[in-house]
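By written order: A, B and C. Residues from 1 in each chain.
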Amino acid sequence: MNSRAAILNRIAKAGREPTTSVIAPQSDQSGCTHATLDTHTPDTDLWQRFTQRLKDNGITSRQCRDAAEIPTCVADLANITTSNPQRVCIAPHAMFQDRDWNTAGVSEMHYGSWKTGDGVAVSHARLGIADSGSLVLASGEDSPTGLAFLPEIHIIALQRNSLVATLTDAMVRFAEWKNMKRNSLPRAINIVSGASRTADIAGKIVHGAHGPRKLCVVIYDNA
Amino acid sequence: MHPETHHFSERSKRAAQDKDLQDALEGLATGFVARRKDAIADCAHFEALRNQGRDIRTRTCADLERHLLSFEAKAEQAGSRIHWAETGDDACAIVEKICRDAEAQSIVKGKSMVSEEIGLNAHLEASGYAVVETDLGEYLLQLRGETPSHIIAPAIHLSEHQARATFLKSHDTLNPKRDLGTPETIVGEARALMRDKFLNADVGITGANFLIAETGSAVVVTNEGNGDLSATLPKVHIIVTSLDKVVPTLGETSILLQLLARSATGQAMTAYTTLFTGPRHSTDLDGPDACHIIIVDNGRSDILASDAAEVLNCIRCGACLNHCPIYTTVGGHSYGWVYPGPIGAALNPALLDLASTRDLPDASTLCGRCEEVCPVKIPLPKLLRQWRAKDYARRQTSRKKLAIMAWAWMAKRPTLYALWASVIARALKSRHGAHHTVPLAKGWTTHRDFPASEGQTFQAQWRRAKKKARPS
Amino acid sequence: MKKAPPHVEHHPPHVGLYVTCLVDIMRPSVAFATIKILEAAGCRVSVPDTQTCCGQPAFNSGDLKSARALASTVFNTFEHFDYVVAPSGSCAAMLKVHLPTLFSDSEDKARATRFADRVFELTAFLVHLTGRAQLENAYVGRVAYHDGCSGKRELGLGEGPRQLLQTIDGLELVEIADADACCGFGGTFSVTYPEISNAMVSKKCNALTDAAPDILTGSELGCLMNIAGKLRRSGSPIACRHIAELLAGDTSMPAIGSAKEDR
């Protein structure tokens, strides 16, 4: 008998009867309660909660009306000036393409994956989570995962209508993100809730353990 | 990791008197315990979450075969390779073969308790591979040749000073006069060294906090981001995990994640929670070409059939350790194996054997704090009592067993018991109010006085008082 | 605890006092204080003289057979009372929480459960009677309460004991840090793992020294003996007394581990 069969056999023999409340492998039938907030017209409470949580998590945020202002916000958040030039790695996301990065002061930039020497990276979030002050990134052709872990400063853009209340609200949506070709989720879905940190030296919290020392969010209203 | 659980008695004795260790452990109370308290105060529905968490874990374990099969099918559909390992050695051999096939030169590794349990590092190193632990705490321990003393803060027993000394000694190609005066500089040095390792590694090994049956995903929770780097940069990602980690759906996983971070570090969410599903897609800009998931049994399927099955509900948050008065006094190394604290005392006898671990469930006041804080409400004191009962039944005689038997024999005989009680009551009287020494109670009186009795039992006094009130 | 006893209660209610081994042997004044309190609450109190041990040491040591045998003795001795009251959280928890888990036979289990419903730890019973107790007590001084583990976590005593203490004239309640942390007694634990037990009771005593009450009280004589023994060894002036003594207003007996009156 191979290992798989032997293990599954023992589990089956454990004879623990499936209880009546067998969980259907469908998230919407999981029996978990999700908040039913309409995430397309987020109420002010939700926003308040989100911004408060971002602050609690040490995440700096900026708000802007228009996606065209993202480059200026990025330059501002990363403190990019002529005396402090930084190479910025930008996810090849539609929302970032054809923007006027140069005028905003971001002169050294490229789209794509992180390269050694890139101090700042900009990604686009699929969702924001109010309850925990988190941002959800999903890997794909417009979103390399490394951007969240390799630069010194990571800046995430979030469209205002992508805010949900709870982690559960966010996670049940992941099921809709299936890649048609493989019929599976994006390779990596990152729920990011702060800069990289460690408490392994005598319990003291230090930022920038392996990944970004600083995490920022740009929240924009419309495309 | 080779179990040394039978040394608990001597080790804990030494640990309780080790000043440095006591200082290091004191940080747990101000750190984890206080932060957890705040995080829970900030989450009005935490108790409801706990109930859901317990139900999710219990239902899943009750129908584990189905959920594992569904996980396997979904993970394979996503392009992962699933390997089943009956024992730790099997799992190590599978990892080694994957590394060999990948022609790996260097391996980076995220923190994984299952890999500690099966002794993966020792195995790979013996086979000639260089493995670097990338969690800062684990890295420190690797340099020092030590084992983790806590399930989420492996180097909690080390002081800042010890961390600094370790780096100065081990990183001997760097300038010995460099500044390592603060935690920030120590972390900075590790970051720089580790960055190279990440960028050059061929294989990345991580554990998984959860496996999601609905999607075939593995969830990895970290604060440092080392798990993500290990899973993203090398061309092969190996996930070493155990069969109890499966959760049916995304929604249910979200409940457990909310419990995990708050209970573990007192965060609503840790910095990075990632769902890994298969290798890179053809259009992805980064990610490994292959993803292997090794599902380790190593005794768990037997536990499932036993009356200790509830230990498999554990989500390894470490809250029971942080709140345990025994753990916070003796530290993790006293327990002698990967899993210390209350969960270790409940789990190790099942994963190893009762004979060599009997001290662990015994060394408890059953104060119940562990159960009180456990996010999935595992009845740890009940499980400890169960092991005690098994141990009691197993042992022919011991001093304690004889004493208990004698006591019980007498307690079933009221007249004899009353006589015995009055003898003891008289013997323990003292006009000083307390005794400095008491025969057979050296353990007590070495450290504290033994309060004196009033001299006569209550029953004797009561009988007399009643007689006086109602003379015959 | 809100649940009404399953049978018609006598008037006045007939209470069987479960003395507990430690109180019987070490500190009878706690039992006398308890009787005084119960009578002041309008109860008729009886003390069966055939009572022995609730089986807790056997149960916690894994000797389930003895624990079961002792349980039957307890049932036979106490079953006919309206209530069974013990001045100890851990003995009450043994009778109330653990005895029903010892039996798998449905009849035995039902008997144990019926019995368990009527068992109360003293302060829980006073809360259950809601203000029926007309107590004459006064104590001028600072008092800290130590939550025994069984009382706090197995019986869920909550704020009840503190609220009762606050009804005492002149009493100022002070809190100690980590009041519900185990003191390291744990029955046989205190002698089988003396170093760990000592470290635990030392932490407790440090917290006490910081809070500096005149009296430390609690519902668990074992804990109080442990803490009093440590305090005395280190020369602390803090006195330890069972909560029954304070509630009954009877502090004539020297404090636990002390030879003289504390004030």
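Methods note: contacts are C-beta pairs under 8 Å (C-beta built on N, C-alpha and C of every residue); 3 or more make two chains touch, one makes a residue touch a chain.
What you are looking at is a predicted structure, and each value in this text was computed from that prediction instead of being measured.
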Using the definition of touching given at the top, classify the network of chains in this structure as line, ring, star, complete or other. line
Judged by C-alpha centres, the chain sitting nearest the middle of the protein is B
With chain centres taken as the means of their Cα atoms, state the distance from subunit B to subunit C in Å. 33
Chain-centre distance (mean CA atoms) for subunit A and subunit B, in whole Å, is 30
CA centre of subunit A versus CA centre of subunit C: separation in Å? 53
Over in the complex, which subunit B residues touch subunit A? Could you list them? 24, 27-28, 30-31, 52, 56, 58-66, 68-70, 74, 77-79, 84-86, 90, 134-137, 140, 153-156, 158-160, 163, 183-184, 186-188, 190-191, 194-195, 198-199, 213-217, 223-226, 228-229, 231-233, 243, 248-255, 257-258, 265, 267-287, 295, 297, 301-302, 304-305, 309
Considering the complex alone, what residue numbers of subunit C touch subunit B? 19, 21, 23-29, 31-32, 47, 49-53, 55, 57-64, 66-67, 69-70, 73, 149-150, 152-154, 178, 180-182, 184-201, 203, 225-226, 228-230, 232-233, 253-254, 256-260
Interface with subunit B, subunit A side, in the complex: residues 2-4, 6-8, 10-19, 21-23, 25-28, 30, 32-34, 53, 56-57, 92, 112-113, 116, 129, 131-134, 139-141, 143-146, 148-150, 166-168, 170-172, 174-175, 179, 181-204, 206, 208-212
Per the contact definition, I'd like the list of subunit B residues that touch subunit C in the complex. 12-13, 16-17, 22, 29, 325-326, 329-330, 362-369, 371-372, 385, 387-393, 400-401, 404-405, 407-408, 410-412, 414, 417-418, 421, 424-425, 428, 430-434, 441-444, 446-454, 456-459, 461-463
